[in-house]
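This report concerns only the one structure given below.
Labels run A, B and C following the written order; every chain starts at residue 1.
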């Protein structure tokens, strides 16, 4: 019967175009439902892991999902903001460790995340190249940002204006890269981390300029009276914080009013978590959410959609099987003469059956192998695919 | 070599041919061992049917067929298949080569079907046969790249692969031009003689009859049944 | 010829042996390494001195480090390496009272920081003469807030040293008694200094004094010194307007002594002497002295003031 397999294989090889289409169709038919399930499960696991790792998030009252997604994935274009006062008040409760997050701005498509050093310990992030940020205006960048933009320690990255016409508000700040984080396969790989005060400088709440009290301030001074100096519009503000000009940087207004987009709360135990949740239950301005619960709701929807997608794929598969069956039947019809010849020469009916089966068998075998290979590749690169997809 | 006694055969059409039937009776028919015989007769006289019965691709209702001292009328389908592979080489009017095999693979087809012998030896035998018919340079070509005459020569080589004692050819020259007709028939007769095989060939072409030891008119071999007349 | 089986067995044994050797080496290295002591970094020299005295002679004490700073630590902006040192510290001992404006510019873990004047905030002196400036819609503002040379008041220095002791005890609780013994000894020396300075400044009997720079607020308050501050640099010649400002002050504040942060130029001294104003140096000792230590410098300061009276 190996002769029949040989003839079957040669037939397929001779009709490459038809065989390729059949293989491609069956491969997709086998692979797509598996890949869908794989990606959904992996993304759900990744979402869940990151959410479960984050006990509580404090933010502006409103969409819980937006709050969680922006805190975990730095996703929102115009996130709701809370005052820094909320962070200070939360800290004063001593119910948890609190980590400020201000992620509103971007630099070359990467989210700029203003935070504290606690964030790095919390997420287990490690500087792989260079050092941790030290001065205002310094940043550490995620591994993917470094790779995508070809940047490393000592180089700089400029924040992007929010709109083309945003002249007087958010202005580009050139930030020095202190270090590059080790890749972690999370959203942190695609972010630029700065001290939260640096984001306030980007927002225009702080700036650096020549000392107006200096006699040499010259043309930038509009008026001096007693102990009050008023500057005019020609005052040059620094677009980059350097060791030479850093002492000239300062903030205006009360820091309590400065914005954050959220605060991550890490209570030491369930009791403190409960006390903390109780504190914000009736707040009109703030909400404290459990990211895991919020994403569970989202994932329920995702899994429901997945099931519909797989159902759709299954129906499509039925149609594909029908078409493939038709193709095979037509193929057998066309080969009737060939089978008749083989029988006349002396082949048994069993031999011809094996020949027919080998055509189908080889196609399915190759398709199964390709689908398995694609599944393995997808499984291996699932997180990169998901991250690319999530950051698009 | 071939001995037929009291043979009765009937064929009933199926499907669209349900209304067509064909029946014939052969009282006695014999072809001597090692001879070359041309089988002539009008269309519908049962020439192809007789070849089919001798090859075992058709079953008689009654009677006996002995080929090479084997009473094939009692064989099962699988026995008949094995019988044909080893004992009968067939050449068809439409060549019936497999387009997806090379020339040499087509010649080796009986080995691909039934095995027997090492592949290297079989391949060498096939190459020798092809060399013998002047197709040495085309062993890796596909049938579609050959002329009709070349294709029929390949078919002859295929028929000869297992050194069959019986060679059946059903109008092998039907699709060939005059020159190739002569060449193919010469080849068949030559192969049969060289191999001491018995050759029985159906033909309409009277110009070829002188190449055979004898010629039989089907009207004298078989009687049609149920009033079918031989045209 | 070695057969394949023997070769494979040899490779397996060799690899296992290497792994074992690695483990033994690691164990030996681990045995040879002592556990690292905690690291304490101070933001100015007086705190470094206090911390060094409190941890003196105690094996398990944390390592005390004061970074190399050029000039006044209150105007220091740490460089990259110094920031890394600060970030790696278990505790960063701060003076507080606005002595570390660089804190606003540097990213540190807030849990590392100990403000030694946080608990005596009610005893800090707010500054009044600050320059305000205005630009843009945010309105006027200034950048100074509190006098920060708290260590010049030995009583406040003791409170700072106490806060420091508590931090060091948290890092090495096993040596608490020893730390507190050292602190008690330091406290006695600071009290002795306080008594001596009180006695010396009491001799002024409320006579006016000039200070070359506004860094003596806590000294002034502690010893009830009738002082006024100028903005003169010891290594620079006062400008004409500086002399005019002095002339304008003198009628209402007839000082006979000007207390300088460092030795002034001879020409300045001479001109002051011509105005019957003696110069005396009282080092604020914010940074590491060339000779001696905090207490020896303060005692020398006391001696110089005594001599000038």
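A few remarks follow.
Heads up, the rule we're going with is that a residue touches a chain if its C-beta (ideal position, glycine included) is under 8 Å from a C-beta of that chain, and two chains touch if they have at least 3 such contacts.
Quick caveat, the model's predicted, so the values are computed rather than measured.
Distance from the centre of chain C peaks at B, each centre being the average of the chain's Cα atoms. Contact counts per chain pair peak at A-C. The central chain here, found by comparing per-chain C-alpha centres with the mean of all protein C-alpha atoms, is A. Chain A and chain C have Cα centroids separated by 46 Å.
Centre-to-centre spacing of chain A and chain B amounts to 73 Å, using the average Cα coordinate of each chain.
Chain B and chain C, compared by their mean Cα positions, are separated by 114 Å. Contact with two or more other chains is made by no residue of chain B.
Those residues of chain C that touch chain A in the complex are listed here as 75, 77-80, 83-84, 86-87, 101-102, 104-111, 129-136, 138-143. Looking at the complex, you find that chain A touches chain B at residues 3-4, 6-7, 10-11, 13-15, 337-338, 341-351.
Across the interface of their complex, chain C is touched by residues 116-118, 131-136, 138, 178, 195, 197, 209, 212-213, 227-232, 235, 243, 246-247, 249-253 of chain A. Remark: chain B residues 55, 57, 77-78, 81-86, 88, 90, 92, 96, 98-101, 105, 109-115, 158 touch chain A in the complex.
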